[in-house]
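Below: a set of structures, written as structure tokens.
Next come two complexes built around chain A: one with chain B, the other with chain C.
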Partner chain A sequence: MLGESLTVRDLRICATPPGGEERIIVNDIGFELAPGEVLALIGESGSGKTTIALAMLGYARSGCRIAGGSVQLGDTDILSLNATQTRALRGHRVAYVAQSAAAAFNPSRTLMDQVIEGALIHDVMSRQEARQKAVSLFHDLALPDPEHIGERYPHQISGGQLQRVMAAMALITDPALVILDEPTTALDVTTQIEVLRAFKQVMRERGTTAIYVSHDLAVVAQMADQVLVLQNGETQEHNTTARILEQPAHEYTRSLLAAARPQDHLSPVEGRHGGELLDIHDLQVGYGSRDGQGRPENVVLEHINLHLVRGQALGVIGESGSGKSTLARAVAGLVAPSHGAVQFDRRELSTTLRGRTPDQFRRIQMVFQSADNALNPAHSVQRLLNRPLETYFSLSRRERRARVEELMDLVKLPRDLLDRKPGELSGGQKQRVNLARALAAKPDLILCDEVTSALDTVVGAAILELLVELRRELGVAYLFISHDISTVRSLCDDVMVLYQGECVESGPCQQVLETPRHDYTRRLIGSVPELRQGWLESRPTRNETAAPVT
Partner chain B sequence: MRNAMPKLVLGRLSSSLLTLFLVSLVIFAITSLLPGDTAQQILGQFATPEQVAALREELGLNQSPLVRYWHWLTGFATGDLGMSASNGMPVAQLMNDRLPNSLLLAAITTAISVPIALTMGLVAAMRRGGNIDRALNVVTLSMVAVPEFLVATLAVLIFAVHLGWLPALSYVSTVESVGDFVRIYAMPVLTLCCVLIAQMARMTRAALIDQLDSAYIEMARLKGVPPVRRVLRHALPNAVGPIANAVALSLSYLLGGVIIVETIFNYPGIASLMVDAVSNRDLALVQACAMLFCGAYLILVMVADLCAILSNPRLRNR
Partner chain C sequence: MSETHAMPHRRQGASQRRASARRMVDGSRLPISAPARRNKPRLKLLRWIGLTLFGFWVLVALFGPLLAPYPMGAFVADEIYGGMSAAHWLGTDYMGRDMLSRMLTGARYTVGLAVVAALLSTLVGAGFGMLTVLLPRWLEEGVRRIFDTLISIPSKMMALVMVSAFGTSIPLLILAAVLSYAPGAFRISHSLATNLATLEYVQVAKTRGEGRFYIAAVEIMPNMIQSVLTDMGMRFVFIVLLLSGMSFLGLGVQPPAADLGSLVRENIGGLSQGALAVIAPALAIGTLTIGANLLIDSLSKSRDTQKE
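Right after this comes the complex of A and B.
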């Protein structure tokens, strides 16, 4: 047993925004962990969960300061240590696993260098011992080629592997406490399950005390003994995981649970409407130079056939790199396919933007994943919505104004937000504006590229609900790109599963998701964490399930 | 993976040569367009048209531009830089007299300014927002803002005229001891350093701060890595590319751009040779100097590029 007990009392953290007054962002947080116990901090973004987790390392990001309270690890009062003592603590007795391993590894140093650095600067062991220990950790974490993976650079291995190397980096000094900050959020579900399993096993073997930060209750249910639900930096509910899942006391906890459960109540609009809208035949997209047959060097998508009628919603699911975003970009005209034909409303759709008519532009609209990047931060909401109206319609000033207000009503935003800039809106509001901008063109087809992925569960669920309603009211068709099966299930009539650039299965949503025929589809569905404890253990390991997917 | 390196270097080298070739075209075209006539210039205002015509024939000025370009380029490739029209000496020899002086001045300035600038940039980045950073910021900004002729003139006023410590003019030929050497080079080097240090220090600071804000530096901090090691081992390797480029751009100025310093201190360098050549319409010399400056610039930029590639495993192992 290596873990030590952790007691946090009355933790308070203040933040000073540039040019603003100091305000409290985390208030009155307290909990106790026995050695080897795992606590989950759960809440939406901005709820202060990462801030609290970092305070366990005696660290506050720039602009923040730990204003009061105590953090007691074993016999050490972490917050009363001086700078040198804090440094000796970090990466030795308390270790941190960051959300994005790709950003948290130094791109210009080898993995081994970085993994053993902590052990060397804290003088825990010799370089030789540290290397051996790292290799054995790589082995425990089920990394491929554990003997040599350390010689590689971060860009040479995949995201899921990198996340596990980061766990090795944290565990190299046998820390008493490990902070895991959304360690699997950036991963595909199929990868996530492997990483979670590896994490859980090594942590249980070592009896490490841990804090697990997440916004995903289903993941937390697999990893944690206790759950602390946060909102606006304050504790809403704190209990054992089982109690939280079965008898949530607080309303906010219940809304989190509801958002995490499969949403049958959203079930799609029934009935097909109207005629043919989009028809894709044997599409191939790639990049790089083309060979004699016109085949690109790197093929991203191949043999894609797709048929969409007016008002239909088609979900496209697959993991990152499966080519699902490329499909949307090809339909939007942002990348030219190397082979195949796209028909829109029975007319050939030019593969490039230049060849398309203004009306085709208007009728196909795209909504991007990140509203932060898609909305011009210097424009007001009013101006953002006016732009497509000016481009596609000739309306008088008054008609435009009326239309903008109508759009705001459609996406359920109060009209007094019209003069705000995107920076002054919340994440959910920004995504609604993003959607309203697409709707302004009165499109027949909306390409939704991971529109809920960047949002918190509760906010994302509300956006999904809005999409369902819009479809019912306006009869618009969706090509809905997602890596999240539950969102596809709640919105779409049909689903198409992409794997390594090819369609492995497609058909009505219910049929495909309930009786999947292809191995990969089964694995994809089986990897979505369920909201019950013990789910992770009940899943067969990959080697047992998978005959390699072809 | 490593054997990609020679190929990469060769690629850079050949593209540099191609650039140099294009530059030679431009230089030749521009110098051909310069107003005035070399023959006229050499013979002076009172030459008869016959004398001018004869000299034109002798200098080959009546041939077509393409032929002249070809002769010039092939001469260049074989080391024959042509004859200086104004004083009848080979261009190569003229440059040979001056180039070592320029290189020496550049080398001394580089050796002094680069370490100082990098240290200043490093310290400023580490102490960002603190008093040291602000002080360094004011110093570098004022160094950039003050024109070098002013720095040079002030230096002469203070050290040569008022204090009388240093000679106002740099007669390189009078160097006999280390003391002489230091006294002669002190002021030119000081003036050049002022400008260069400021530029390089600011670029170093900016490049480092960019890295210090990244997630992997926070990670290093949460591993308990001490501040100096964070900057030197974690941030610096990732900032080598931009810093090397900033240094290369600053240093490229040391050959051709130091005309003011050379003039004020009467230092016999290559920049003043070129300026004299321009005023004398000494085309062969102008062309040779321009090619030299361009070549030096290309070499510096290429070295900086290679530094950037070598320091980045993504590019190195492609």
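Right after this comes the complex of A and C.
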């Protein structure tokens, strides 16, 4: 057993916003972990999960201060160490696995150099031993070609593999405590399951004590022994995983659980289906120079056929790189297809923006994934919503004002937010403004590109609810792009599964998701974590094919 | 393995553990940082220094000639390179003219020319920089190559060639400065705009069917204006130095008028005597450029902290 017990008492962390007064962001956190136990910290963004996790390293982010309490690892009081001692502790007895492995690796050094760096800095073993240890860890983490994968550079392996290499980096010094900060959030479900399995096995074998930070209850159910539910830096509920899942005591825990299963209380409305709206025939989209037959160098999408009637909601699912966003961008006119035709309302839709009529611009609206980037930070909400009204309709100033207020009501935002800039809104509010802007044009078709993915579960569920409601009230059609099957299930009538740029299966949502015919669809559906313990173990292991080299 | 991780325990020792028990409730004594508090007064101070220096020179440029005690070209004293006196606060120059009057009048040329040239070069550079991002690829490349050609000519050389070809005049000096410094502004704003143009709000505007000018002016510009202004400040300083350099070579503003650069050159003979006539305009150029720099730096920094 390598893990050590961890006791946290009365942890309090304060933050000083620029130019503001110091305030408490994490208050009165306490828990105890036996050696080898895993605690999950769960809560929405801003609830202090990561701040607490970083305090286990004796670290507070710039502008923050650990103001009180104690963190006792084995018989070391981490918060009382001086700078030199903390340095010896970090990356040696306490290790950290960050959310985005792609951003955490240095692209100009080989993986092996980076994995063994910690062991060499802390002088716990020779370079030779460290290399051997790393190879055995690669092996345990089920990485392909463990002997030689260390010679590669970070960009040469996939995201899921990189995340596992990062776990190897953390485990190389046999730490007593590992902090996993949303390690699978950026991964596709099909990759996530492999990574989770590898993590779990390695941690069980070594008896590592761990803290697992996540916003996904279903993932937590697989990984953790205890769950601590956080909101606004305070403990809402702390119990064993089984109790949290079965008998949630606190209101907030129950709302988290409900948000994790949106299909339980949301279902696609019976839309007023009308005439044909969008028809895509044998679409091919690609990048790079084209060859003799007009086929681009990198084909992203091929042989796509799609048919959408008024008021219909079509879900497009697939993992990252499957071309689902490209499909939306092609319909929006942002990329020109190299082959195939797109018809909108029985009229040929120009492949480029230049050839489209103002009316076509108005009737097709796109809502992007990240409201942070989709809303111009320099403009106020009022101005953001006003612009489409100015462009598409000739309204008087008063009518515009009334329409903007109507839109705010439609997306359930208070009107006093109109004068704010996007930077002063929360993530959910921003996404609502983003939707309102699309609705301002009175569109017939809204292209939703992963609109709930960047949001917390509870906030995402509320947006989803709004989408369902808007569809019922306004009868708009959605092309809803998502990697999350449960959101598609609760919003869409039909679904299309994309895999490596081709449609592998399509049909009514119910039918495709209940009785999938294609192997990939089955795997995709089977990889979505379920809200019960032991699900991970019950899934059959899949032999990973050789590592893709890009 | 158990050996390796027992090491830090040994290093800590017993005294440490006792100390830790005492500090249990005091919290961490790890280095803490509160950047807001640390930086704020300093930032304000620098801004005020910058504002004072720059503002002073702007005021001098505006009202200096009215305050000058003597006409700029009048020979008022018998003594050349005279020191400070009640009649001549900044002494006299190499021909016995009043130095204070000459500087009060000359600052207008330096500040005015540089402000106009800096504004123009930023307008031209940043304007093209933003618009080219939205143009078709071949046109964008064409414009970029033209600016690249201009940027490869050393600024002083360009100014010298132009002056020797067309003779010196104020519009020509401005043109030379704009041709020298607009390409740099173009490069910077072009690279900023390229990044911004890929952002989703620009794409939203495109799918809304907005025109190029709207996207450049309303969607892109407000988000890069800060960097463009900082860049303009830098260009202002360069242009002051370029124009002063030209005047120093005798090719800038022509006598009897004089900008700060010509004042240094005229009186260079007094350098060996440590004459105030050469030190004062040199100091003036220094304070003007430093003031402009401090002001612009502090402005852009305070915007950053607001954003956080």
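The definition used in the following text is that the second predicted complex is superposed on the first by the 539 of 550 C-alpha atoms of A that agree within 3 Å, B and C clash if a C-alpha of one lies under 4 Å from a C-alpha of the other, contacts with A are read in each partner's own complex, and residues count from 1 in each chain.
In the analysis below, contacts are C-beta pairs under 8 Å (C-beta built on N, C-alpha and C of every residue); 3 or more make two chains touch, one makes a residue touch a chain.
Since we're looking at a predicted model, the values are computed, not measured.
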Could you say whether A:L89 touches chain B, chain C, both of them, or neither, answering first, second, both or neither? both
Between chain B and chain C, whom does A:L474 touch in the aligned arrangement: first, second, both, or neither? neither
Which partner does A:P17 reach: the first (chain B), the second (chain C), both, or neither? second
With the two structures laid over each other on chain A, which partner does A:L57 touch: chain B (first), chain C (second), both, or neither? first
Quick check for you: in the superposed arrangement, does A:L536 touch first (chain B), second (chain C), both or neither? neither
In the superposed arrangement, does A:N106 touch chain B (first), chain C (second), both or neither? first
With both structures placed on chain A, which of the two partners, chain B or chain C, ends up touching more residues of chain A? C
What part of chain A is shared between its chain B contacts and its chain C contacts? 59, 88-89, 92
Can you name the residues of chain A that touch chain C in the complex? 2, 10, 12, 16-20, 22, 58-60, 62-63, 65-70, 74-77, 79-83, 85-86, 88-89, 92-93, 124-125, 173-176, 332-334, 353, 356, 358, 361, 364-366, 368-370, 373-379, 387-388, 391, 423, 437, 441
For the chain B and chain A complex, residues of the former touching the latter: 214-216, 218-226, 229, 233-234, 237-238, 311-314, 317
Using the touch rule from the top, collect the residues of chain A that touch chain B in their complex. 54, 57, 59, 61, 87-92, 95-96, 98, 100, 103-109, 117-118, 121-122, 153, 155-156, 169
Residue ranges of chain C in contact with chain A within the complex: 1, 4-5, 7-9, 11-12, 16-17, 19-21, 23-37, 40, 199-201, 203-204, 206-210, 218-219, 222-223, 305-308
